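Structures incoming, each one as structure tokens.
Here chain A shows up in two complexes: once beside chain B, once beside chain C.
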Partner chain A sequence: MKHHFIDRYSNLESPIHKLNTTLKLFLAVALIITTVIQSQIPAYKFVLIFAVLLIALYTSHIPLTFFLKNLLIILPFACIGGLSILFANSGDLYSSFIGIKIYHQALMNFITILEKSIISIGTIILFVSTTRFDHILKSFQDIKVPSLIVALLSFIYRYVFLVIDEFMRTKMAIVARSSRQPTLTLWSYMISRSFFGSLERGEQIFQSMKARGYNGTIKTLNNENFTTGDGIILFLCLILYALLWKL
Partner chain B sequence: MEALIKIENLCVKYEEKVALDGIDLIINEGEKIGIIGPNGAGKSTLLLAIKGLIKFTGKISFPGIRRSDVGLVFQNPDIQLFMPTVFDDVAFGPINQNLTETEVKVRVKESLEKVGLSGFEKRPPHHLSEGEKKKVAIATVLSMKPSVYLFDEPTTGLDPLSKYEITKILCSIDRTMLIATHDLELISKVTDRTIILNDGKLMAEGYTQDILTNKELLARNKLYPLEQLLKCR
Partner chain C sequence: MHIPDGFLSIPVATSTYVISGSWVGYSIKRVREEAGEKAIPTMGVLAAFIFAAQMINFPVAGGTSGHLVGGTLIAILFGPYVASIIISTILIAQSLLFADGGITALGANILNMGIIAPIVGFVIYRALRKWHFKASIFIASWVSIVLSAAACALELSLSGTIPINVSLPAMVSVHALIGIGEGLITLFVILAIEKFNPDLIVNAKLHTNNAR
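Entry: the complex of A and B
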């Protein structure tokens, strides 16, 4: 775990960080699901939800730039599928530009996908960066997600860091011995080296975890209780969600 | 003296390479034993086998203790330390031992005090210096209060001051321990008994004093240069 770019702010102290993990998980999933099942999202609702996310972000002391940067990095991946919808041939012509025709309905559909993606990804970034990963896993375990899946997730998480680590090490070793820019062959060699290297390291770290009593069950110190504060937040959020989607 | 660990005819094979070949060893309560040998002798393999982390043939029994009472400090602290903060790493073992929150916190505090790193709780382990990492690695095992400690190269690659401090920490641990190393100074200060491993075989066993003064034996096992280079400039 040498890099904390995914959850580098998850150790901060803020009201949002202190919320019960399972509650946070529930609220995040509920927001995503209720967003995704909408057939359309009017602009004012989108702005409203995004504002709610920003307020939560502000409360959690996470820099806005970090949030936006990650959002912009992930958004294109979510929208690749949406592109085909944008160029679909249906209904009235909206505009035509250097021979590319975009229809009104298609544009609306694309915008809806964009809105849904932004809300969902924003929610996930907010959740992940305000919750420690071991607490998320513990929460999965508590709500009876199969232990195999939880263990797999925990290893994927560790391996991501290991692979990046190993890649940087390999790259440094190679660059130190050559004066030229890495060629394509070299890049592919570096990448495969990083994977094998990190597999070996991952195995060693697993040994080290077993040596200190890890047997597949994640244990953390905070056996979080559901506090009154959590209850109030739950109540307020449920009202908010209901208002959002019923108005 | 009561035997805590009994090793009989221990053999370990990695694919084709025989890493350990018929090792017999008894570790008694309160003993501090040095395991010396050149690189690739099989020292780390022996410790991993005792802790039950690799496949082996032969027998390792634990009369009077359980295998979980054995604590292993890995050579590479980057493998030993995998949690986001020093506190979490030192607490990892005690939490897995199902201790209460208060007990865990006391254990973490005591262990960090013992290695001289009080106040490091919130630091991420991978941003520490090499010497500090080694000390945190020791603390992660101290906090579990094992009956037997296994140390793999605790001083290798450290500067003289860090070496001295780690040697002092090991001296202060009043428990049975095995130290795998080629740092002869360390074992002369900490251990009573020493074994020499070379190429997977147990070559010698005896009082540390006797082994370390037998230069010919050390030289034969690549632990001492046969000829002395006086000066080259």
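Entry: the complex of A and C
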């Protein structure tokens, strides 16, 4: 299994990677909330927040191209709903092109939505890229997220690779025995066969896990303690967020 | 239908978090009582399967695309409580791993896709299955998607982001087409399960107090 599209850079060594996971989760969510609840985000404030993200990115050794590529892939999906805001009839007329009118207030609202989306998506990309998924689960467990949700999240992570592998194996087997393009019927067989194959293997894996002592508790090799460094980062970030709030 | 961060007002985001949290908490209690540990591996594979299936988009119209939600599919097989838990978990994973759906809008997204879709789909399926088994699966899936989209439009208009006269027709018309894809996929998957592995449906009945 060679799939690393989820947390590709989470195993790097950097000061950001070494931060306590619960602290990183708290800081990421707090930054998103601080940004989202503001009615307008002036350009200087947006630049300041984005600069903070870029500094964190540089410190974490994650390639800028990876960050921007992911941001540009996700951003259109987030903003597609915002297009209707752009063409809303509100405020003074800003511009008119081939019969399409854009009003000043609508444009401002759209820009605000765009800024909020860029910051929240950028924050999530940074958080996921600097944190191992098992540490995120451990953090969820520590903050008392229901154990069934944590267990299912861990199984999604484990089994999504299993499902993809099972599908690729079934597809390869079918394509190897047929010279034609797969028909709709063949596709439904492929999907159902890979589903049942995944179910069988999923059950076997679960039994193996239980045999080796799995009891639903997430355990990591290094127990993350809240260090003095974490405390300093928390203090500095809280001051920064308060400044962003007040600016 | 995944609402991003910044689209919802604080009252709408907070109230949908409270509603979704309460329902998911109740669902977890019910599933623990009725199924216990036995259901975990099956639920895990189902969650991973729906998670993977949601990555595959099919073309709809005007350059837009849609993907499977899967709420009705799981609700028909395992009941609405299991469906709510699985879809909610998938939405948490999507918002955390891919920024697909905002962290602050997670409550609303769970309400639309993880609560309204499975409950509506399950109720319609139960009401129509004796009339026509295949049609009931398709109609249940289609209506569940359209109503979820309508709820999403309502939340956006209540937040003052997009007026209801814009959001409702836009969301419902696009999702009426996406719902056809959802209905066909749900139908094919359930028919395939009935044909190749009916034991799964028998087990699902046992797990969820005669869900079917």
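Keep this in mind: the second predicted complex is superposed on the first by the 196 of 247 C-alpha atoms of A that agree within 3 Å, B and C clash if a C-alpha of one lies under 4 Å from a C-alpha of the other, contacts with A are read in each partner's own complex, and residues count from 1 in each chain.
Basically, contacts are C-beta pairs under 8 Å (C-beta built on N, C-alpha and C of every residue); 3 or more make two chains touch, one makes a residue touch a chain.
Since we're looking at a predicted model, the values are computed, not measured.
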| item | value |
| --- | --- |
| Partner chain(s) touched by A:158 [first = chain B, second = chain C, both, neither] | both |
| Contacts of A:121 with chain B and chain C, given as first, second, both or neither | second |
| Partner chain in contact with A:173 - chain B first, chain C second, else both or neither | neither |
| Which superposed partner A:64 touches (first chain B, second chain C, both, neither) | neither |
| First, second, both or neither for A:93, with chain B first and chain C second | neither |
| Which of chain B and chain C A:47 touches, first, second, both or neither | neither |
| Which superposed partner A:32 touches (first chain B, second chain C, both, neither) | second |
| Touched partner set for A:232, first chain B, second chain C, both or neither | neither |
| Per-residue contact with chain A, leading partner among chain C and chain B | C |
| First, second, both or neither for A:112, with chain B first and chain C second | second |
| Contacts on chain A seen with chain B and repeated with chain C across the two complexes | 158, 205 |
| Parts of chain A lying in touch with chain B, wherever the complex brings them together | 1-2, 4, 10-11, 132, 134, 158, 201, 204-205, 207-215, 219-221, 223 |
| List of chain A residues in touch with chain C within their complex | 6-7, 29, 32-33, 35-37, 74, 77-82, 84-85, 88, 112-113, 116-117, 120-121, 124-125, 127-128, 133, 136, 146, 148-149, 151-153, 155-160, 162-164, 167, 188-189, 191-193, 195-196, 198-199, 202-203, 205-206, 216 |
| Of chain B, residues touching chain A in the complex | 48, 51, 53, 68, 71-72, 74, 76, 79-80, 82-85, 88, 91-93, 95-98, 101, 104, 122, 124, 126, 140-141, 144 |
| Contacting residues of chain C [partner chain A, same complex] | 2-7, 10, 24-25, 28, 31-32, 37, 40-45, 47-49, 51-52, 64, 85-86, 88-90, 92-93, 95-100, 102-104, 156, 161-163, 166-167, 170, 188-189, 192-193, 196-197, 200 |
